[in-house]
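In what follows, chain A forms one complex with chain B and a second complex with chain C.
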Partner chain A sequence: MKKILGVALGILTAIGGFLDIGDLVTNAVVGSRFGLSLAWVVVVGVVGICLFAQMSGKVAAVSGRATFEIIRERLGARAAGANLGASFLINLLTLTAEVGGIALALQLASSVEPRLWIPVAGLAVWLVIWRTRFSIMENVTGLVGLTLIVFAVALFLLGPDWSTLADQALHPRVSAQEGLASYWYYAIALFGAAMTPYEVFFFSSGAVEERWTIKDLSQSRLNVLVGFPFGGVLSVAIAACAAVVFLPKGVEVSSLSQIVLPVALAGGKLALAVVIVGIVAATFGAALETSLSSGYTLAQFMGWSWGKFRRPARAARFHLTMIICLVVAVGVLMTSVNPIAVTEYSVVFSAVALPLTYLPILVVANDPEYMGEHVNGRLTNAFALVYLVIIVVASVAAIPLMIVTGAGS
Partner chain B sequence: MSDLPQDRRPPGLMLDARLHLLDRQILDVDGTPVCTVDDLELHGLDGSDRPDGTQPTVVTSLLSGAVLTTRIFGGRPPPSRWHRIRWTHVSDVGTTLRLGVRSAELDVTWPERWIRDQIIRRIPGGSHDPG
Partner chain C sequence: MILGDLLDAPVNDASGNRLGYVVDVRLVLDGPLDGLLAAPRLHGLLVSPRTGTSFLGYERSGVEAPALLARYFAWRHRGTFLVHWQDVAEVAPGAVRLVDQFRRFSPALPATGRQAGR
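Then we have the complex of A and B:
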């Protein structure tokens, strides 16, 4: 019985923890502009994150080494240093977006200016990192984040024309006013949102934090393979809600209040309250993960002592890094920059940085010195190579498309 | 590429300094991360500290700290600024390097101790296990 509960908890946490501000914003924007014609990208992204999250978890469980230590060992100081620079900055951008997302969600609940909420949100994130145990932190935000299922419920309550939605999803067409460049630009953004690199840093370091062994791998495989696809279903539900409410009217989503509007229309005040709780939990959880990832990447590159399983005094530079990153994120947000805009850039730059993270993992997952008999099988490698091509194409195409489309506008 | 001291090398195992030593994680005797091998100090067996490749050389120290910047951007910091971990402290070379001493006894971890004592310990809760 206890085992079943453990499995259920793991899966539920994976579902609730899948969504972050990048998924929320990108899916809603895409839904309002392209309907479900980009739903296939979510499928591609979810399969990819399942594949690589599972691989990085396996590397961490077998070798006891987290991703960035391995990146440094494999790529050497110079290439890994460049990789660190890019990954760290993009992670900081994502952290900024998540903290802004918490503040926007709290603004929806309270009508208090977001700039008053931003320092509170930053402080709360730091307090949890400083004082809470890793497993509690993960499970609470994951489980509360499950309330985002309300997007799926709202879709049913809205009573959409299912055949239209299915037609959009199964026969993707680009409408005349959008153009092919914007379509592919948002495809890359959606892919970047689903596969954000911080998830891999966090997943592999988390496996070390929780001292996974090979025995824990079947549990983690189940969490990932069941939890993430359900998280992907929620992503599509968000896009579908926006497609039903905004697409016919030609309204483009540009604020968090618009993202939750379909839920409020369908379920009234109660549903609105639930969705706000869900968004706070999802962004808060992701803010924790990105702050930790900033500490993980730098500490692992430099070889410092790291980890939440150590008291802060035993991992001083790791904790100081996270404090500085949170201060920077709060500082950037206090300049009144729009968190939604920060989010849109963060997902595209995530797509640009994908090969930096995923290629070294694939190399090490095939290295018997680290993996012994647990090196990747042929099937996994075949899938991973296909994804490597997709990842590189998306990465190379992202910046030119951003310039051509004026960042999608 | 240098030869390693004979007594540190199990029969049949060849170590490539670039592949097996540089950029590897160093753990202390308790398994706590100390630093990464940012560079190596080599000495010729005839006592020269800048071996030119004609004489046999040994790794005398693992270096960390400021040498990372010069390894990435080029140049060479003055030897007085090097933080050394003596090769005699190394007890095992695998996917990580294990030391036979505690990290608190090493000069190379002074920034960790300084940040711990000046900043992290002074914030309430910094010395406690997370709840």
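Then we have the complex of A and C:
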């Protein structure tokens, strides 16, 4: 019984933890502009993150080494240093977006200016990182984040024309006023939102934090392979809600209040309250994960002691890194930059940086000196190579498309 | 001299023709006991004709998956050879010069039991 509960808890937190500000914003924007014609990208992204998270989790469980320790060992100091620079900056951008997302959600609940909430949000994230146990932190934000299921409920309550939605999803067309370049730009943004690098830093370091062994692999595989696809279903539900409410009127989503409007229309005040709780939990959970990822990546590269299983005094530089990153994120947000715009850039740059972490993990997952008999099988490698091509193409195409489309505008 | 001076350094033969770049060094643990471990000895340099980038571990003959990546790295490093440290005449700033009649050895590392997955 305890085991079944453990499996259920793992799957539920994987669903609730899948969504972050990047998924919320990108799916809603895409839904309002392209309907469900980009839903296939969510499928591609979810399969990709399942594969990538599973590989990095396996490497961490078998070899006891997290992602950036491996990158440093395999690439050497200089190439790994360049890799760290890019990954660290993009992770900082994502952290900024998540803290901004918390503040925007709290603004929706309270009508208090987001700039008053931003320092509070940053402080709360730091306190939780400093004081709370890893497993509690993960489970609480994951379970509360499950309330985002209200997007799926809202979609049913809105009573959409299902055949139109299915037609958009199954026969993707690009409308005349959007153009092919914007379509592919948003395809890359959605892909980057589903496959953010921090998820992998966090997943592999979390495996070390929770002292996974080979025995835990089947459970982790189940969490990932069941939890993430359900998270993907919620992503599509967010896009579908926006497609039903905004696409016919030609309104483009550009604020958090618009993202939650379909839920409010369908379910009234109660649903609105639930969705705000869900968004706070999702962005707060992701803010914790990105803060920790900033500490993990730098400490693993430099060889500092790291991890929440150590008391903060025993991993002082790890904790100091996270404090500095949170201060920077809060500082950037206090300049009144729009967190939604930060989010849109962060998902695209995530796609740009993805090959930097994906390739070393793929190589090490095949290295018998790390993995012994647990090296990748043929089927995994076949998938992994297909995704290597997709990831490299998305990464190379992202910045030219950003320039051509004026960042999708 | 530190290892970082050698990595990426261009390699010339005795008459100054460019042979390639140092991509890795091979160390042997057979020196006198230094504390608990045998002191490492520099056995030779791996010289790749076209690129200073890494083999990413695919120089070991027991590692060939995923096949496409292994092939790609083998192709990118085609012509790579191992040269013994005795055949290095001089390490000048910015270039390594080899002796007149240096010998080229295969860069492959034979598979160990662990690598064969046993």
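The rule is short, and it goes like this: the second predicted complex is superposed on the first by the 409 of 409 C-alpha atoms of A that agree within 3 Å, B and C clash if a C-alpha of one lies under 4 Å from a C-alpha of the other, contacts with A are read in each partner's own complex, and residues count from 1 in each chain.
Here is the rule we go by: a residue touches a chain if its C-beta (ideal position, glycine included) is under 8 Å from a C-beta of that chain, and two chains touch if they have at least 3 such contacts.
As the structure is a computational prediction, the values presented were derived from the model and not from experiment.
Taking the superposition on A as described, I'd like to know which of chain B and chain C A:384 touches: first, second, both or neither.
A:384: touches chain C, not chain B.
One more residue to check, A:65. First (chain B), second (chain C), both or neither?
In the superposition, A:65 contacts chain B only.
Using the superposition on chain A described above, determine whether A:302 touches chain B (first), chain C (second), both, or neither.
In the superposition, A:302 contacts chain B only.
Please work out whether A:130 is in contact with chain B alone, chain C alone, both, or neither, and reply first, second, both or neither.
first
Once chain A of both complexes is superposed, is A:44 in touch with chain B (first), chain C (second), both, or neither?
In the superposed model, A:44 contacts neither chain B nor chain C.
Output check: A:369 vs chain B and chain C. Expected answer is one of first, second, both, neither. What do you get?
Both chain B and chain C are touched by A:369.
In the superposed model, which partner reaches more residues of chain A, chain B or chain C?
In the superposed model, B touches more residues of chain A.
Of all the chain A residues, which ones make contact with chain B and with chain C?
76, 369
If you look only at chain A, which of its residues touch chain B in the complex?
Chain A reaches chain B through residues 63, 65, 69, 72-73, 76-78, 80-81, 130-134, 299, 301-306, 308, 311-314, 316-317, 319-320, 369-370.
Mind listing the chain C positions that touch chain A in their complex?
Residues of chain C touching chain A: 7, 53-54, 56-57, 62-63, 65-69, 114-117.
How about chain A: which of its residues touch chain C in the complex?
Residues 74-76, 79, 360, 362-363, 366-369, 372-373, 375-376, 381-382, 384-385, 388 of chain A touch chain C in their complex.
Would you pull the chain B residues touching chain A in the complex into a rising list?
Counting only chain B, the residues touching chain A are 22-26, 32-36, 38, 64, 68, 71-72, 95-96, 103, 111-113, 115-116, 119-121, 123, 125-131.
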